[in-house]
Amino acid sequence: MKSNLKNIAVLTSGGDAPGMNACIRAVIRTGIYHGCNMFGVTQGYQGLIDNNINPMDARSVSNILHMGGTILKTARCLAFKEDEGMEIAFKNLKAKEIHGLIVIGGDGTFTGAKRFGEKYGINVIAIPGTIDNDLYGSDFTLGYDTAVNTIIEAIDKIRDTADSHDRLFFIEVMGRDSGCIALRTAIASGAEAVLLPEKETSLKELISKLKSGANTKKSSSIVIVSEGNKYGGAYDIAKSVKRKFTHYDTKVTILGHLQRGGSPSGFDRILGSRLGYAAVNEMLKGETMQMVGLRGNEIKLTSLDEALNKHSYKLEADLLEMTHVLSI
Amino acid sequence: MKSNLKNIAVLTSGGDAPGMNACIRAVIRTGIYHGCNMFGVTQGYQGLIDNNINPMDARSVSNILHMGGTILKTARCLAFKEDEGMEIAFKNLKAKEIHGLIVIGGDGTFTGAKRFGEKYGINVIAIPGTIDNDLYGSDFTLGYDTAVNTIIEAIDKIRDTADSHDRLFFIEVMGRDSGCIALRTAIASGAEAVLLPEKETSLKELISKLKSGANTKKSSSIVIVSEGNKYGGAYDIAKSVKRKFTHYDTKVTILGHLQRGGSPSGFDRILGSRLGYAAVNEMLKGETMQMVGLRGNEIKLTSLDEALNKHSYKLEADLLEMTHVLSI
Amino acid sequence: MKSNLKNIAVLTSGGDAPGMNACIRAVIRTGIYHGCNMFGVTQGYQGLIDNNINPMDARSVSNILHMGGTILKTARCLAFKEDEGMEIAFKNLKAKEIHGLIVIGGDGTFTGAKRFGEKYGINVIAIPGTIDNDLYGSDFTLGYDTAVNTIIEAIDKIRDTADSHDRLFFIEVMGRDSGCIALRTAIASGAEAVLLPEKETSLKELISKLKSGANTKKSSSIVIVSEGNKYGGAYDIAKSVKRKFTHYDTKVTILGHLQRGGSPSGFDRILGSRLGYAAVNEMLKGETMQMVGLRGNEIKLTSLDEALNKHSYKLEADLLEMTHVLSI
Amino acid sequence: MKSNLKNIAVLTSGGDAPGMNACIRAVIRTGIYHGCNMFGVTQGYQGLIDNNINPMDARSVSNILHMGGTILKTARCLAFKEDEGMEIAFKNLKAKEIHGLIVIGGDGTFTGAKRFGEKYGINVIAIPGTIDNDLYGSDFTLGYDTAVNTIIEAIDKIRDTADSHDRLFFIEVMGRDSGCIALRTAIASGAEAVLLPEKETSLKELISKLKSGANTKKSSSIVIVSEGNKYGGAYDIAKSVKRKFTHYDTKVTILGHLQRGGSPSGFDRILGSRLGYAAVNEMLKGETMQMVGLRGNEIKLTSLDEALNKHSYKLEADLLEMTHVLSI
């Protein structure tokens, strides 16, 4: 073990994601297992500035593995973007002789961690935690799998009532810049169409697809709308479609924040545990300024530089084609 | 068995509700068990007019007990309110020698059934099926219990993320005229406050409750808003509160149609089975113009006259008081 | 408020049941609301003897409403059946000036509470908490509704695989002396037959039912076996049936302790909240040696004497008949 | 399109797995999209022999995406291992001019498909469908992810009651030859120990781990037992442990067949859809004797030869180490 890494802190930042607690538990216990003193920072970077940095033992993370949200809480923090805020954060860590920082979050979180680590020589390992699955260097981000399950369970329920009433539903899901959630949930729910931020779909094309379903006796239709699509949201697109296509009774559902919560899936619990475990082990081996990610079935490191530069989800062409073919 | 009840039809009408399929299964199989010919009407009263009335055997209702929605579909039907529409419906039943009609739905459904039964001498038994739990003569209506479970599972997820971010959520639930769902889900989710159609809550009082929670270290707060409350919906009330109370970050969720779907709870499957079973048995005993309902642990009859006249859910004073006391 | 009821303790005893935490929360907060000092006893009567009696404030029951199990833990306690144990328990309460005791559990729990209250003049209110639903004076006991939902979700999963393989499943559920759970889950899962502790079913009759299903093209069959039935458990009965009826591949599942856990249903959360709230209110009105229960939609008191003497679930004849009729 | 592939059949064989229906739907609709005539074989290879081979259109797979089990049913078939059985199967396909066969199942299924394809020149594409996740050439097999979720939901419930009673639970999960499910669910449920078919764990070591947990105030402990471990099952190992370690009350749960059923997770619905879609596309490109699998985020082909020879799950050393470290 590197001698200056006796004390390590962990924080969650940005939007919360299911599996963060499993990950915190893994970080704390792996550190303790290796003889480190572990600290939890409350409310992300704000907690660093507010000196909300508390020692955690093995029992402090009991019975959290299966819980949604994050016991360390999270917050967006403008002050940490300023030199002054960072300076205070550093002094607080220094006073506790904490030289290692593990951050769980998305690319905003990583940007802050990188700047902070470089400026003050703090060892930093980052863990991809966001439901959006839009980070480079990991096949999956923490929380994405649970969010997909939550969404399809909701859509399954809506399909029941859609079928009973011969309805057309527009369902808005999260993903302002990334259509990953929308595209995958469209396939998983058997949606008739999907509108994505990355790709224009003409209204004409959409209506033609819906008509063809109606003509071949589909008793209901579901369109998934990513919140960042060009038509401005599910209400707007529903209004436009309704004007030209009246076969079904048309309804809109905005799934909203329930997509962020819930007990993590097995996949996210295992992913969170593996990433937290690996983050501490890599840090103790001397790694810094790296993100731990899952590729195939292996944990791999990606430098924060690369992770941030190559950011952005690439729409999978075969999946997009599938949404069309499988809903005939 | 009354000799003219050899042939019986069943339909679902109004909004769909989980448990309707369990109920349809019970109606069909109980009838067949007693030697009747059973018919299913598709799309409620519209199906009577369109002659969408089909024989059903015991296997036609296999594997539907656990499904949400209604395999018979449902629709609102204006034509059945006209004499002409009713006349056609009657002729269609007459042609098939169907003298008994079992209807599953809410008070709109009952009103139509009563008029139809009286006018043409059709034997009618009604089954209370609506998630709103606002019918006289039954402690519970079919679908209400499942809707409550669906809503609290959604709110549990939202609570995860609310706690992680110190947020205040306004969550709008169904119940335009009846606060039963809102009041009960408020208790079941530990909500800090609830806004109901039956009762005015002053903005001042609401904000005072939220402030008191913030002062005693509640890390999040949840307000349930019934869609029929006087402030016009969750978005409006959230805006009004935000103007005067800024302790929490404020968010809104409209749960929408997912409240109507989903696999029925055990309670609704048993209720649907009992009501369907009783409906056929009572009809074969000669009863007509009655609603079957559950009171305590027993099935009881209420005349459609009484059910319709005494309609309306009475806000339970002790439950209302509890929402306040238990969320201190 | 009666002046000697400034201090009130609550405990859970016997088998745990979902909804106990919702009930504990209601007891603690209702007491605090009325100005009482509230105490939680850990591990039931054993905790009284071990002086494991701790003050609880409103925040000590935050975020437990939706959790299965009981934060106060529970245990069977032989020592409390002895005079010596009771004496110690009393001294511990007396030292803290606790004159009111609220117990949540089944009839074993009630028997202890009654003897203890009578002997030492402690005010006692009992709350029916057991998944077995076998107590007199309440239409439902706390935990029963959740257990039914848990069981039918498991059976729904088993039905998937049973149908895919044309199998016959024997599924053993809890209820050593009471067939309530078995009978109701049989209806809610569409089981082909049910074996109960209260009623003999001949092997011949059972096999005849299964044969008739096979002859009318049922692709799978499910038999619910109550753990207390006369044939000695699901494995034994499966073996006997297999010897004489080989149409299906036969499998056995013992659902076991997962029936006891899980987040409580909306019904149990509301029931637990109402019963806990009522228990404190009745105690403060001066009531003692009473059980609070739900009848119809109202909270009613039953004396512990009556509750204990009239104990035992009465098999509902119509439900039993329904298991036969609805699975044709 | 290859001209002799106008007609394609699909079957499921071996144990059923959640996601098979999503996969069948994808196969049927992708084939129809490309202008093929699609056939479904009922009951696996037995259906080939029994000529239970039926045309399927796009609507025949409506509303099955979210269902557990397989609408094509599955069965083990000894006759197909004989030359005579294979000959009949071939004649049945030939009579319908079916030259392409897509099989969904595990390695037993693949072995049959390979022999059949080689002998009669039938084009064969195999899809890995088994909850055991023990096939070479795909990071995940169809059904594994859902099974993990089902198991951890069950264990979460058991943890509730284990904590309330200070209990030690031995929970037996599926995986006769492969510890993948046991190892992963152990991590996902926070189990204190896991017993695998691939690795001996000494009783002494196990008890030492449990003692250490008891000493550091764990209120309950859970041991996952793979059905194929060397101690012969959860009951046996529980008995051996109980003899030497009595800190906790000890209980056993055999999860059994509920692990096979249930609505597939989002992951399995997407996986099933992708594999089914790819299977048809690859077949139409002229591929044969190949398995389609997921590696990283891409669909890859593995020859049936390689898939069968390299079969067997490799225990991940880091995951095994994690079960120990994370449960301190």
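We call the chains A, B, C and D, going by the order they appear; numbering starts again at 1 in every chain.
The rule is short, and it goes like this: a residue touches a chain if its C-beta (ideal position, glycine included) is under 8 Å from a C-beta of that chain, and two chains touch if they have at least 3 such contacts.
The model shown is predicted, which means the values in this text are computed figures rather than measured ones.
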Next item on the list: Kindly list the shared contact partners of subunit B and subunit D, in label order.
Entry: A, C
Checklist line | Pair joined by the larger number of C-beta contacts - A-B, A-D | finding: A-D
Check: For subunit A and subunit D, what's the span in angstrom between their mean Cα positions?
Finding: 28
Next item on the list: Could you tell me the distance, in whole angstrom, between the mean C-alpha positions of subunit A and subunit B?
Entry: 36
Check: Do you know which subunit A residues sit against two or more other chains?
Finding: 156, 159, 163
Checklist line | Pairwise chain contacts under the document criterion | finding: A-B, A-D, B-C, C-D
Next item on the list: Report the residues of subunit A in contact with subunit D in the complex, numbered from low to high.
Entry: 25-26, 29-30, 32-33, 58-59, 62-63, 65-66, 139, 145, 148-149, 151-152, 156, 159, 163, 184-185, 187-190, 216-218, 263, 265-267, 269-270, 273-274, 277-278, 295-297, 299, 316, 318-319, 322, 325-328
Notebook entry, point to check: Of all residues in subunit B, which touch subunit A in the complex?
Noted result: 12, 16, 18, 67-70, 73-75, 150, 154, 156-166, 169, 219, 251-254, 256-258, 260-262
